[in-house]
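See structure below.
Lettered A, B, C, D and E in written order, each chain numbered from 1.
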Amino acid sequence: MSIATVFEIVLAAVVLGLAIWTIAVPETYSATVGFVAYGLLVALIWVRLDAVDVALTEAAIGGGLGGVLLLGAAARLRNADPTAVETPCKLVRLCAAALSSLIAAALVAAILLLPDPAPTLAPAAVAKAWATGLANPVTNVLMAFRAMDTMLEKVVLLLAIVGVWSLASDPAWGGRPGPRHEADPHGVLAFLARLLPSVGIVVGIYIFWTGADHPGGAFQGGAILASMWLLVVMAGLTDTPPVSSRRLRFILVAGPGLFLVVGIGGLCLGPAFLAYPLALAKPLILGIEVAMILTIAATLGLLLAGAPERSEQR
Amino acid sequence: MLLHPTALEAATTTGGFLLVLSIVVPVSGVLLAFVLGDRYVRLVAFAVVPLGLAIAAATLAILPQSDGPLVYLLGAWPPPLGVALRGDGLSAVMLATTALVISAIAVFATTDFCPAAAETRAPFAFWVLLLAIWGALNTIFIGGDLFTLYVALELLTFAAVPLVSLDGRAETLRAALRYLIFALLGSVLYLLGTALLYGLYGTLDIVLLSRRVSAEAAALVAAALMTTGLLAKTALFPLHLWLPPAHAGAPAAASAILSGLVVKGSFFIIIRLWFNVMPALPGFAATQLLATMGTAAIVFGSVVALWQERLKLLIAYSTLAQIGYLFLMFPLAFDASGRLESDEALAGGLLQAVSHATAKAAMFMAVGSIYVALGHDRITELRGIARARPMSLLAFALGGIALMGVPPSGASLAKDLLLQAAEESGQWWWAVVLQAGGMFTAAYVVLVLAHALAGSDVSIAVTGPASRNQDLAALALALCSLLLGLVPWDPYLPVPFGTAPKVFGIESLSKLLLPVLGGAVLAILLSPWPHPLASSTTWKALASAARPLRRAGIEFGRLVERSDDVLRQWPMAGISLLVVALLLAALMLAAN
Amino acid sequence: MSSVTVFGLCAAAAVGLGLYGLITNPQPLRKIIAFNLLGSGVFLLFGIIGRRGAAAGFGNDPVPQALVITGVVVAFSATALAIALLLRLFQTAGSTTLRSGAPTGAGPDPSGD
Amino acid sequence: MTEFLTAAVGFILAMLALGLVSILRGPGDADRMMAAQLIGTAGIAVLLLLGTIAGVPAAIDVALTLALLATFASIAFVKKGLSRFEADGAGSTEDK
Amino acid sequence: MSLARDMMTIVAVSAGAFFFLAGTVGLLRFPNTLTRLHALTKADNLGLGLVVLGLLPQAGSLRGGLKLISIWLLGLLAGATVSQLIARTARQGGPAP
């Protein structure tokens, strides 16, 4: 057994240990902390699997924004643990455990039975990369070959926003999402909120820009920008915009909107819907990505902020 | 006209752009409505509705002239790298149904969700989500790639869940959360199967997959997981814990969308999976399992429906039963070659889905109007509604009659086709279930009508205004469902020539009377509610004769209701889900 | 044991654990966390499938990677929506239980005919 | 060289696992937060080493992202912790 | 030249690993929150710093080196801020030191 394999086994064991802790621990807050740590470590697995684009996404979501989302909820639900009585009886849990392990076992069998050599689309993706002029194959798949999925996924994000907003109370509609944060303007948090975003914005834009040819992209960059914005909000230096703001709405649809416009352009003038003319492919894709990074940053930030709570007039 | 594995459509066909438009138009509507907000949301929706109808009509018109399904390669990239949209007869029929039902719902909802000058919450969310559901469903009906279907499925869920909790009451929030989490569980299982299929065959394109799949263990595991996930989203018994509270708690227009259309999305993907991707894989036993669950759904759904106090819950449970009815097509499609191939069964199942979509949406709308009129929807206190809201009650009745399978309704044609398939494949037991299903449907419709029509001379205080638009929308949809049997289906669905029902004659009379009488008997035996005619003397004589039977019926009903309560507990539903997945996998493995 | 096998086992275990937690834990927030765990298992499965398909100079097939990125975004939005619903439910009802308040009609005295 | 780095990665990972034990033990939230902080830092170190071993320069970008977002997560973490103590009436904090 | 670089890497990374060990042991063994915090912040910053230092010779490009250093700086900044916040929290709400 090589030292690399030992390392992989240790990594897998730590990750699994965290997963078990997350499921088994009685207290919700601890489970949440466990899951955040799990998210951080899964990013390591992705690097090990040579899927750096996914590792970036996982680091941004699993360890970062997702963690904050879950921790925030856990903190707000601290006093809501009266469900112990609802814990199913031992027999039910035993049944569930047995059946879940059977499913996992079936999955293991299926994984071990996967064919060798494995089918792959990597050569096809590389062979067609000329059409976009971008060297990162994952970006090519996301923005060209499977552009439809990416566009629909952005609509999913928009619907999540609509869903979250629709939970507002009627008087709060049109107001600002989330609680107003106030912090000592000379405190540590405010200090960090002034310093870190400048670094974060550079990193976010770098990750986005490098995504054309190396791992990275609009989503990962957008997630970083969103977290920086939230940091500033949490430090009380700025406030969330009211949901009725037309400008905000425009930013929220800019990404899928531009995607759609370019797609329709391809339908009317070019060869097909979502097809890019050869000479313009790279600038068009980058343009869509610029719109998308704005949309993603705003969407992710607002998803974390929650439903409108404070009405505009006050 | 159906997707066929032998013909590789490597190029976009003429008219393929219609497929793109059927996605792009509603999605643009969503974006536009979101940005404009205020009072423009409804305006955008009403601009999209005629466009959508026109696109669906154009698709229906152009498909028979094309010598295969319509195909559109997105970005001109051929699969497996790219994603194709494909529209066959099934897609065209579903596209048209969706366009029709959404239009009717839009008309119905104009007054309920009237945007004010200053933007308000509910109308904004409703109109945006309505368009989003349209876009998601259209994508599901024409998506040619299993992962695109996954994204569309999630789009559908994300649009449907907020509709449930639109009025913000605690119980609807709870219903929405249950729905969301269970639906997410379902879609993760679907995605799991997708991952395995990609690992096996290196593509997720439906046509390419259908040519590559073979009966390998991993493929069967994938099929079982995907099917189970979709069943959870379709709410087939016993995975229905989320459906009754979600469908009954939502505002009327939203319920109509959820019950009529949303559950059809995941059902359609099951059809694609079993009939198009892997017709040879499931095997006899797995199809029997699906139909058995369907039968249980019919019994449970109908009996529990008869036990409901509230009309909306009754209809929600009726949806449960009708979903079960849809799954009877699977064993009947199984022919001697060991593949899912029977055209009658496929056409019958899809027609049933179409009839249910139209009829159920109409019924929910009608109940919405009744609710507004009475201020409640308690079944035992419906008397007098026939005079106060004759149009609403008529829409409800027509929808119910259409669902029972009375000619010339679509359900009747569907039943004929399925019965024929049962006869051809020698599975007489499903013929029995098909007949019984019609009677069960009749039972709760008759029950409601009996309560509503009893004492129609009583005049009641009406709390809310009547809306002509709402009644017309409901009535139009109900009529549509009732007349579906007269539509010439053969360009789109493999309906054998000459099966169009005769509207008049002894045969059709028996088709009317059989379910109605059977349903009346069932309603009397199984419903626990005091009957409005209970004071008449003939009734008393009858009742004393049938007392032991009725008592047994009541006991049975109570048993069913209790077990339904248990099965709707979260841990039980979760365990059922895993059991279904494992059973399906085991049966498929055994068959191959 | 190759890395594919090790992480494959890890993925399957995450799926099993996620399913178990989703079914047995009564707290909605814990269900949401379990769903995320389940999802991450599925994404890992895509990851090892892509790893097996390493070719053309890439250590991981780009198509599954793209699918995972799309999937992660969808799962994140689902989590956000679920948590918003949960918080709103807690705010309105004062509890987070998912047990339905018996929406079925408790039948009246059935013996009355 | 690769062997040495892999061993170092394994060692730091083992330390990280031990840090997890301290998450399990608690006892207070402050300790859990510290443990999470440790995991974040150790995770970044492991990532950097991994990237060097496998010759994946982009791993540095992942580490950079992680460093930024882990900071953000810890702050949100502490902030939530603070608002809780505030609710307990334990005196004024960073939050006003 | 290459040998010298490798030597530096080995020494620095080993030292970094040692500090991680020290931090973890401190986290596990020290009696109360504030002392544990003390152990942790030392280990954190020095451990990561030394690993970064060790990897600098292997970075290959100026950009890579700059990124490495900025990661360390970010770690320092975060560690300092967060530990200060934790310390306040622990002093006010946690068990007495």
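Keep in mind that, in the parts below, contacts are C-beta pairs under 8 Å (C-beta built on N, C-alpha and C of every residue); 3 or more make two chains touch, one makes a residue touch a chain.
The UniProt protein names, listed by chain, are A = Sodium:proton antiporter; B = NADH dehydrogenase; C = NADH-ubiquinone oxidoreductase subunit 4L; D = Multiple resistance and pH regulation protein F; E = Cation:proton antiporter.
Since the structure is predicted, the reported quantities are computational estimates derived from the model, not experimental observations.
Trainee: Go through the assembly and pull out the chains touching chain A (Sodium:proton antiporter) as well as chain C.
Mentor: Under the touch definition, chain A (Sodium:proton antiporter) and chain C have B as mutual neighbours.
Trainee: By the touch rule set out at the top, what is the minimum number of steps from chain A (Sodium:proton antiporter) to chain E (Cation:proton antiporter)?
Mentor: The fewest touching-chain steps linking chain A (Sodium:proton antiporter) to chain E (Cation:proton antiporter) number 1.
Trainee: Select the chain whose centre, defined as the mean of its C-alpha atoms, is least distant from the mean of all protein C-alpha atoms.
Mentor: C
Trainee: Most remote chain relative to chain C, going by C-alpha centroids?
Mentor: The chain lying farthest from chain C is E.
Trainee: Go through D-E and A-B and name the pair with more C-beta contacts between its chains.
Mentor: Looking at contacts between chains, A-B has the larger number.
Trainee: Can you name the chain that lies farthest from chain D, using the mean of each chain's Cα atoms as its centre?
Mentor: Following the centroid criterion, the farthest chain would be B.
Trainee: On a C-alpha centroid basis, what's the spacing between chain B (NADH dehydrogenase) and chain E (Cation:proton antiporter), in Å?
Mentor: The answer is 59 Å.
Trainee: Roughly how far is chain B (NADH dehydrogenase) from chain C, going centre to centre by Cα mean, in whole Å?
Mentor: Centre-to-centre distance between chain B (NADH dehydrogenase) and chain C: 25 Å.
Trainee: Taking each chain's centre as the mean position of its Cα atoms, how many Å separate chain C from chain E (Cation:proton antiporter)?
Mentor: Those two chain centres are 34 Å apart.
Trainee: For chain E (Cation:proton antiporter), give me the residues that contact two or more of the other chains.
Mentor: Residues 70, 74, 77, 81, 85 of chain E (Cation:proton antiporter) each touch two or more of the other chains.
Trainee: Spell out, as numbers or ranges, the residues of chain C touching 2 or more other chains.
Mentor: 15, 18-19, 23-24, 26, 32, 45, 49, 52-53, 59, 63, 67, 70, 74, 77-78, 81, 85-86, 88, 97, 99
Trainee: Can you tell me which residues of chain B (NADH dehydrogenase) touch two or more of the remaining chains?
Mentor: 81, 147, 151, 154, 158, 161-162, 165, 168, 173, 192, 196, 198-199, 202, 571, 574-575, 578
Trainee: State which pairs of chains touch, listing all of them.
Mentor: A-B, A-C, A-D, A-E, B-C, D-E
Trainee: Which of the residues in chain A (Sodium:proton antiporter) come into contact with chain E (Cation:proton antiporter) in the complex?
Mentor: It is residues 188-189, 191-192, 195-196, 199 of chain A (Sodium:proton antiporter) that touch chain E (Cation:proton antiporter).
Trainee: Can you check the complex and tell me which residues of chain B (NADH dehydrogenase) touch chain C?
Mentor: Per the touch definition, chain B (NADH dehydrogenase) meets chain C at residues 81, 147, 150-151, 154, 157-158, 161-162, 165, 168-171, 173-178, 180-181, 184-185, 188, 191-192, 195-196, 198-199, 202, 244-245, 248-249, 304, 307-310, 313, 528-531, 534, 543, 547, 550-551, 554, 557-558, 561, 564-565, 568-571, 574-575, 577-578.
Trainee: Of all residues in chain E (Cation:proton antiporter), which touch chain D in the complex?
Mentor: 6, 9-10, 13-14, 16-17, 20-21, 23-24, 27-28, 33, 36-37, 40, 43-44, 47-48, 51-52, 55, 58, 60, 64, 67-68, 70-71, 74-75, 77-79, 81-83, 85-86, 88-90, 92-95
Trainee: Taking the complex as given, what residues does chain E (Cation:proton antiporter) use to touch chain A (Sodium:proton antiporter)?
Mentor: Answer in residue numbers: 70, 74, 77, 81, 84-85.
Trainee: Can you list the residues on chain D that touch chain A (Sodium:proton antiporter) in the complex?
Mentor: Residues 3, 6-7, 9-10, 13-14, 16-17, 20, 23-24, 26, 29, 32-33, 35-36, 39-40, 43, 46-47, 50-51, 54, 56, 58-59, 61-62, 64-66, 68-73, 75-77, 79-81, 83-84, 94-96 of chain D touch chain A (Sodium:proton antiporter) in their complex.
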